[in-house]
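Paired with subunit B in one complex and with subunit C in the other, subunit A is shared by the two complexes that follow.
For the complex of A and B:
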């Protein structure tokens, strides 16, 4: 366990020192800061648009950070040969991979925390320093964090056997597909003309694909008039789903990484 | 050295995989579909390009919707109305929960497309209503789109008040309905000929307002609302009596009530095509008080979904931003002054709105006492009991209602002053039209005797 923690903390340190990630973070924060100045709409529209934009910026920036952070993680260690130093110590490969993943998730969490702080501060100012409603707002970045942890797991899994550039597009494509498939499956399900075989196939894909759309829970937060029963239960279920999927990907990654010549 | 995979690891992997699959299939997808899906299972995809569709389905749809809405706002400021329509459509698809966009879009489509003389392009109204219906379907928990759709029927279409009643009633069922807006339901009932239901609504609202006012005596708004309702109720009851509504319900003769005897408005009209696409409409209507407006419609004889003096407004469930552009539908009001009307209708500056591609056109004149202002209704009654016209009273074009309705015909060549009409002035008129110069009425006995309230 100690070796996992030690690899994770080192990874966090490395991530924070990476200029490219800091620049992406800075751009994201810059957008968050200027977003309230965009357009003068009606009071309700302004809040709706601002919430939508700020949450979108956090999600988009986090996705880019998650992919950029993780696709290079394992290949860089192999390329720089630092992996030999680590693996020559009493550290198992699974511990190395798990440590790297946890470090990436921790670094991602720190960066998302910073963006969420800007979001909260902006709304605190906008609401005349009132804290009401801010707790609801935070639910979205929390779910994005689970989503991005899942995305990082996808990237880590691919990084055990493909080159970083290929991994970048593969993970990005998987994110897009995983975001699209829930609505696509729903349309297929509700369409009268879809052949049963196609429905069955879509159901199969929907079951095995990482469904990133499960974490896009921002709409009721952006448009607060909606009545949703027990959203907390859904958040919990989606989080458990994420943990299970991350577990699957990490196990697969460990199995592949274990068999890989480095 | 490559090791054999550990059984424990494989077991963990299998449990995780099966766990995620069970959660996704058993719980999450259904709940996601119910609460978080774009459009809650009523996703509208028609007319979307693949890139728009991509945005609509990914997680960034609210962000993109926000950016587009800000852009649309800048188009409002610059008056670039045509550019706003596709943006509104896209925003409502991206985020069907943005009620402001639905409400603004509906108003924009229904009211803002006008010609040079500020006449609305009514070919858009079915689309505006379709947007309203979609907005209500997507946001069933709030009153807003139900009210907005009702308002479109009540105010803009100003004809089929049964629809206004239906939508206002739906709005009333929602808890967040604004108190001040609730009163409109009684007006809609009244205009729909359901006077007792209107009174009943006022009583219910009054009781609730009285309770609220009693509970918080300091709140001025509560007191004001109660007094407004009290006043409305009082006026409505007096009107019911004076207009002979109760007497009629009880089968008593209407002699002695304000609506008796029915007043003959003696309508006549003449339409002259004074220039290509420019009409001069003049005629008589024997009502002296101001506030009377006769509807005039000029449309293709074969206008799609046509009904007398209108169209099937509720004919579309799809928000089609391209109305029937080859068809012409002009609707305007003829304001009565000194018992006559005289209006120039210029359609020459807006060929897109008035394409005149068909061969034959219908000019329709329509007056429904239900749409009349209260001081006119004091004579004509709630349902036109005190209204008649010896030539053009019609009880068929609006089933069970006493309205004025007649038509004249024009051809495309006449309207465009082409062919044989190049040098001749086309004139069409009702058979009873009399050229009387400035005054259509020589006999003062035709003047309406306008009753005053509570005399």
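For the complex of A and C:
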């Protein structure tokens, strides 16, 4: 446990010093700051547009950070030979991988926390320093954090056996497919008129592909008229699903990494 | 004496698209005794780093056995008492020297600040412990590498090219440190191209070439068979041929001729023979067999200093 924490801490230290990540974060924060100015240009309610825009910025920025942070993580350690010094010590490979993942999630969490703080502050100012509705607003970044932790796990899993560039497209592709197409495959699976083969295929894809759409809860936040029936239960279910999927990916990643030549 | 490292037919092969299966290390029988400094030599691509990685279970052997401090390779308990400094190591640049030791120390559960500082003093980095690794010179980075390798008080250290790319002063500092490790009873396994360094500090060596060990043993035994170079002038080559010297090479020089012969040859007889024919002895230079000669002989499979301009005498 001690080794995992040490490796995680070092990973956070490295991540928050990586210029490319800081630039992405800065760009995201800049967009968050200017978002209120763009809201006045829309015909829709300024608040609606602002909420949608800012949550979207946080989600997109976090996704880019998660992918860029994790696709190069393991390959960099191998290329720079830092992994050799660590593995020559009494550190098991699974401890190394888990430490790197936890460090990545922690670093990601810190960056998302910063963006959320900017979101909350901007909203508080925009609402003439009123706090109503801000608690609901925070639910989305929390769900995004679980979503990005899952995305990071996908990238770490792929990084155990593919090159970084391939991983970048694989992970990005999985995120897009899991965000956009999972609802489609779910509908296909549940629909009465779907042929059995198509149903089976839809079930297979739905099971294998991580359902990133689970965490896109901005609709009820942006549009108060659209509510989730039992939000606490939904969030809990989505979180458990995420934790289970992350665990599965990490276990598979460990099994592959354990036999990998480094 | 107990073996610090023992391998039996250790082999590592990889799949190659062109050649099928390629043995990078083949049937390695390595023996390193405890308490010695062991030099592991070989040309680039010979299999040195692959061997070290197998011993540290960073990669896995294809076949064969390997034991480190009596335990099978891969045993995590052994990793508590060995250490490794890789070739051209990279450390987390944002960390200071002290933070780096803290990090590696934490992997052993070591948190003793006094220990970190004493190690930094040992490698002469005490004054620079608050500087980041990015501010360290190459020599300083090598020294911090040695400091982290001593955190767990190891019985066995693996050093891959410990003096690579360093200036002569840094060379000496590293060399003195390595010698101090032996004085402390540790075993040191060095992989190096710096043959002069290896010759100065190693007790035993092995030379690996194309994945196979070609030579292994004590330096004093492997380097037996020095030669003597006698430069003569004022004699005819026919005289030199007539002396019937064994394993002697003759080279044509502007001043005369150079006779390159085994040190066991009767040098006095050669000198007397030359002087009897009114020849002159310009110089007599004993040439001890150097590790470089052995290395070149081994990897090229021909004697060093051969290919004379005139044919060898008495062969």
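General observations
Assume the second predicted complex is superposed on the first by the 248 of 262 C-alpha atoms of A that agree within 3 Å, B and C clash if a C-alpha of one lies under 4 Å from a C-alpha of the other, contacts with A are read in each partner's own complex, and residues count from 1 in each chain.
Basically, a contact is a pair of C-beta atoms (placed from the backbone, for glycine too) under 8 Å apart; a residue touches a chain by one contact, two chains touch by 3 or more.
Predicted, not measured: the structure shown is a model, and the values here were computed from it.
Comparing subunit B with subunit C, more residues of subunit A are touched by B.
After overlaying the two complexes on the shared chain, residue contacts for A:214 are found with subunit B alone; subunit C is out of touch. Of the two partner chains placed by the overlay, only subunit C lies in contact with A:13; subunit B stays clear of it. When both complexes are overlaid on chain A, the residue A:122 reaches neither subunit B nor subunit C. Of the two partner chains placed by the overlay, subunit B and subunit C both lie in contact with A:259. Once the two complexes are laid over each other on the shared chain, residue contacts for A:248 go to subunit B alone; subunit C is not touched.
Comparing the two complexes, residues 259 of subunit A contact subunit B in one case and subunit C in the other. Subunit B makes touch with subunit A in their complex at residues 2-3, 5, 9-10, 12-13, 15-17, 19-21, 23-25, 27-29, 31-33, 35-38, 41, 43, 45, 54, 57-60, 62-67, 69-70, 73-74, 95, 97-101, 139, 141-142, 176. Touching subunit C in their complex are the following residues of subunit A: 2-3, 5-6, 10, 13-14, 17, 80-82, 84-92, 259, 261-262. Within the complex formed with subunit B, the residues of subunit A that make contact are 38-42, 44-45, 48-53, 55-57, 59-60, 94, 176, 179-180, 182-187, 190, 203, 206-208, 211-220, 222-223, 225-228, 231, 234, 237-238, 240-241, 244-248, 251-252, 254-255, 258-259. By the touch rule above, subunit C contacts subunit A in their complex via residues 53, 56-60, 76-77, 79-80, 82-92, 94-95, 103-104, 106-109, 145, 148, 152, 158.
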